[in-house]
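One chain, chain A, links the two complexes that follow: it is found with chain B in the first and with chain C in the second.
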Partner chain A sequence: MLKKKNNNALRGPQGLSRRSLVAYLFLIPSLIGLAIFRVLPIIYTFIGSLFNVDYGRGGTTFVGFENYLDVLKDPIFWNSVKTTLIFNVVVNPLQITIALILAVLLNGTARTTRFVRTLFLLPLGVSVTIASTIWNILLNPNEGLVNSFLKFLGIPSQPFLTSPSQALWCIVLIASWCGISYWMMFLLAGLQDIPSEYYEAAKIDGATNWQTFWHVTLPLLKRTLTFVIVADTIANFLLFAPIYVITRGGPQWSTNLLMYETYSNAFVFSDYPRALTLTSLLLVMVFAIVLLEIRALQKEESL
Partner chain B sequence: MNKVFIRIIKYFVLVIFGVFVIVPFLWTLVSSFKPMNAILKDIAPFSIKTFIPVPFTLDSYKELFNGGFMQSILFSILVGILTVVAGILINSTAGFAFAKFKFPGKKAVFLTVLISSLVPFEAIAVPLFIIVRWMHLLNTMGALVLPMIANGLCVFLFYQFFKGIPTDLMEAAIIDGASWWRIYWQIFLPLSKPAIVSASLLLFLSQWQSFLWPLVSVQSSKMRMVQVAIAFLTINERTTLLHVLLAAAVMSSIIPLLLIFPLQRYYIKGFVTSGMKG
Partner chain C sequence: MKKWFIFSMILVVSVFAFSSEKITVFFGSWMEGNFETFKEVNGYDLLERFTEETGIQVEPIFYPFRELIQAIETRMQAKSVSPDVFEVDSPLSLSYYVRGYTEPLNEYLTEEELNSLKEKMFPATIKIAEWNGKLLNLPFENSSQVMYINKDLFEKAGIEPPKMDVNGRWTWEQVVEAAIKIKETMKKEGKEVWGLLFGQVSRPYQMLVLPQSLGGGSGVSPDGYHVEGYLNNEGWKKAMKWWYDVNNTYKISPKGVAPEETTYLFLSGKVAMFVQGTWDIPTILQAEKQGELGFEWGIAPHPYFKDGEPVTPTNSWHLAVNPNSKKIEASIEFLKFMSRDDIIADWFKSVGQLVANREAMAKVIETDPKYNDFPWNSYKEIVLYELQNTAMPRPKTPFYLEWEDLVYKCFEDVRNGADPIQSLEHYMQIIERLAKKYQGGK
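Take a look at the complex of A and B:
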């Protein structure tokens, strides 16, 4: 009897719960942080979007899905959705394709390759905000470098960001520029992780460069590529800085991406219920797109 | 014949993309060392002079630092360092708990951390603003630092690293009567230097590059983060202080470049190994 009790004290439920307690203590600070600053905002978004400000009584009243119906009836919202989708369908493939081509071409150990690679990695630290600043200067219709270069080639100067038909494409240019070096760095690391035996085997089998790329490089790069595609999509879907710094959604709403529309509802018009409604739609859209991408990339594996 | 052809295509592609990727940055770098009138004069007509820093001057950098930009740089560094110190501490302890303890509810908590690490920070700026305002933290250092400390990605990073450290080391320390805090602080944390480097880079750079959140959560010009400072310069002074703007762009890109470039491997690991396995 006594012996059994001793055993329990050594490794029994009491000891286990003390250990669990220690674990909780180690966990608590970061869990509190995540709960307040990550989980709570999401819960707040969905609940807050069901309420509206009551100007008569002050405070808020429950309005159900009224905010959603209002948003869904609004042509400005649909214009933002359309603009955001067009933007992303173009910018993500463009950016990742260029980064991938460069990574493949610059993956090598020769001294010149390493030197050129370093050159291409120089804009690595450039944030979207800084890219907006630089390209805003370069694309200036009157005294910008790009128009000066076009003139040098004998092409008439363009209005760029001041034209409703060109502004969105200029934002595409800016967004694709500022991520290329950054994503190239990830893809280069992924390429360098591929063991050289695979390439040697492909060579012995008489595979062409193209076949090697398609059947050896791409499948082995898939983990990195999945990360790059997903992270890039999220970043571009929520693109904000160039719109704030340069166009403010214009000219004529042509660059009014969803993140900027959400921002201006909250912080320019102080319409928080509407901004929360837009935030919840934005979150749902981002998650849906990311899930679709992961699905599609996994499917390719089973083929 | 075929080989030569492929080479030509390769160089052609590199030149085209090189012009697109490198030239804007190179032009910014070169022009930041020129006086304003020379920058404008050398843009049009387009010539080799456009890319040569003559006449050479440091005036734009001097003007930049006299104009309060230095304060933004120092302030961003301070915010970054505070985030790194607090973030390393609480995310590594959480990683330690997940890696070396069994406790009720572990799976559910782990899943919550995983999901929370997938939430893009920009997307929740509006609700976060309302919550931080409710906490009376707007316009304080707390608004900038506190939301960025707990980071699911960093928790994973430490979790994976600690999982790889053999348990016998820990059991031996337990037999010696060491407290759990000492086991974490004196054995596990010192062993996790690669994870610390990765997580520090991740946390510091996320603060350095952040724009939307510091834009809305802090109004005071004394607490202006670097990206917000450069955005305001662009909006307010783009025609009058072109040279200063270019110097600001260079200064705020150089710091992340100097950090990421030599530490690429650690930086990439911070995202890829932790993020994708979960």
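Take a look at the complex of A and C:
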């Protein structure tokens, strides 16, 4: 009875507890920041996509969803969607699987493990732009180190970045080289959070390494893994630097990912309404895929 | 009385403070190194000299080469008042004007000043900067292309190289024939060399002369608003087919080499004929001086097609005024200063970059004995002639930025093995779609 009375004393006029009110007050600065830097640009992007700019006569005209219809009828857009999806279907599982394997292998305190771990974390110190420039030189069809090595082995030179059938896979390689160590770091942190008692119990029960991994490590790593999967998907859907530095969407549009197509429209073709339309579509696409991923992972958890 | 005295003093001090406040013109530029070279060679700072003469200060805002265009796009789109003056890649003149990025100069110059300016300049520099009788910006720098020759490779293949003579200009057909022979000869010696290399490979600046030489025109309609029937006409198709063959049939040009890497490939001795701007002369001389150039080199005029006419790439950076600037008059003063014959002559002497002002440039070339000896005699024997007679500007269109990017991609795709005719049709359709947003101003 006394407890109930105390609770009522803490409630505000709308039934909100004083503690919650204080918590919301502390959140206000972050919410304002979020509104200004995240929500408003999204609203601006969507509104901007409903207008068209006429440089000839000057001014903007409200066109409703005409830009969306134009984009959806455009084969270049669909080629970008296809390329972006192929890229992500390959690069996300690849990066996460390798990052997870490395994290498990390098999750130890032995001196050699720590040394190897440092080696694998080295790419983190190189920006994606610099890494792309270096890979561009390495994969050069004439003087590149990779082709020189292939020649040494008696294998003919490969048109890595000039062939439409190879360029996208080179971007997958570069993105993975940059990304794996980054995601591995999160997974390592997740692994180190798992209490050793679980492993001891599994050992006592006679579990094999694989069984320990499957029934102990993976379920307890699920939260970190969910974050890594979602963040990696977003990062790869918005990948820009390697395309900008190396291929500029070519050869023959084979690396023209949606993010680069959006950039081209905004800053090369001065077609801001189309760029805003593409941004809105990209946002919806990423949101839908991330939602599906979270749903799938939650479903698995409930099973 | 005392109050009045204090008030008067404050007034006098304020008036003095305001009157002594200097006007500062912000200048968006990518030529940081050029201003330093100018000072080293001429013994005075260009921008300080302007301040001494006019009392107007110029504050340069330097951008990396590739970022200047993006910076202009974002700043002018936002109607920023700064920079007051900026450098413009001249084919973008109309695109900037149509979108309200530059202030035409006519109403700030007298008829006499305008006529004198036009008379002094090389024709192609004025042609690209004019639209409906308006001078959209001030032609400042200029460019021309020549063909650098690796004489040693020619000798090994037993071929007489082309001479520094505009009347003995080689055709592209001769170039291909020699390139194939040189490549095969060197292959027998176990060495991989390339017969032909374009310095600005796939960039419309350099590639455009191929269809232009074949009568294909600039790829854009005369009114500047369409590409259908212009980018995919017979001249363009023939030129694109030739480009495909050079890279994929004869394989005399290397793939995957970016424009930034071409000079070094030529310096390495692996290229027989290198079509490039005269701006590479100092780099080659430097390599020669340092003993890093292992071959004898020469300079020949830019080739042309046997069934076509000689055409050479041209144009460079101009100076424009921001229409949103609060200091338009001061900006115009700066432009007038930069167009003066003595300033332009000093710029040409020190920076080495060709200039739009024909009179100033020709005077330096005629009076300075440096231009009597190789390689600088190429300015006298080739460059002056090309700029006056064969230089062909790029298309004048409000969608130049879009056109340039997509035509570059088209040349690059064909270089990498795409079908030349299909590529032209494909890119023509994309550009035609992008052109729509400008067509309301026809």
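Going forward, the second predicted complex is superposed on the first by the 261 of 303 C-alpha atoms of A that agree within 3 Å, B and C clash if a C-alpha of one lies under 4 Å from a C-alpha of the other, contacts with A are read in each partner's own complex, and residues count from 1 in each chain.
Keep in mind that, in the parts below, a contact is a pair of C-beta atoms (placed from the backbone, for glycine too) under 8 Å apart; a residue touches a chain by one contact, two chains touch by 3 or more.
Predicted model, so just to flag it, every value in this text is computed and none were measured.
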**Request:** Determine, under the contact definition given at the top, whether A:P164 touches first (chain B), second (chain C), both, or neither.
**Result:** second
**Which of chain B and chain C A:F267 touches, first, second, both or neither** = both
**Request:** Name the contact category of A:Y55: first (chain B only), second (chain C only), both, or neither.
**Result:** second
**Asked** Of the two partner chains, chain B (first) and chain C (second), which one does A:I76 touch, if any: first, second, both, or neither?
**Response** second
**Asked** Of the partners chain B and chain C, which touch A:L292 in the superposed model: first, second, both, neither?
**Response** neither
**Request:** Please work out whether A:I98 is in contact with chain B alone, chain C alone, both, or neither, and reply first, second, both or neither.
**Result:** first
**Request:** Using the touch definition from the top, say if A:V284 reaches chain B (first), chain C (second), both or neither.
**Result:** neither
**Message:** Contacts for A:I155 in the overlay, against chain B (first) and chain C (second): which applies, first, second, both or neither?
**Reply:** neither
**Request:** Identify which of chain B and chain C touches the larger number of residues of chain A.
**Result:** B
**Request:** Figure out whether A:I86 sits in contact with chain B (first) or chain C (second), or with both, or with neither.
**Result:** neither
**Prompt:** On chain A, what residues does chain B touch that chain C touches as well?
**Reply:** 267, 272
**Message:** Please output the residues of chain C touching chain A within their complex, sorted ascending.
**Reply:** 70, 73-74, 77, 98-100, 254-257, 265, 398, 401-402, 405, 409, 412-413, 415-418, 430, 433-434, 437-442
**Complex contacts: residues of chain A adjacent to chain B** = 16, 19-20, 22-24, 26-27, 29-34, 36-42, 44-45, 48, 98, 101-102, 105-106, 116, 119-130, 132-138, 143-145, 147-149, 151-152, 177, 180-181, 185-186, 189-190, 209, 223-224, 226-227, 231, 234-235, 238, 240-241, 244-246, 259, 262-263, 266-267, 272, 275-276, 278-279, 282-283, 286, 290
**Request:** Provide the residue numbers of chain B that touch chain A in the complex, in ascending order.
**Result:** 6, 10, 13-14, 17-18, 20-22, 24-28, 40, 43-46, 50, 89-91, 93-94, 96-98, 101-104, 109, 112-113, 116, 118-120, 122-131, 146-147, 149-152, 155, 180, 184, 208-209, 211-212, 215-216, 227, 230-231, 233-235, 238, 242, 245-246, 248-249, 252-261, 264-265, 268, 271-272, 275-276
**Asked** Given the complex with chain C, which residues does chain A contribute to the contact?
**Response** 52-58, 74, 76, 140-142, 159, 161-164, 248-252, 264, 267-272
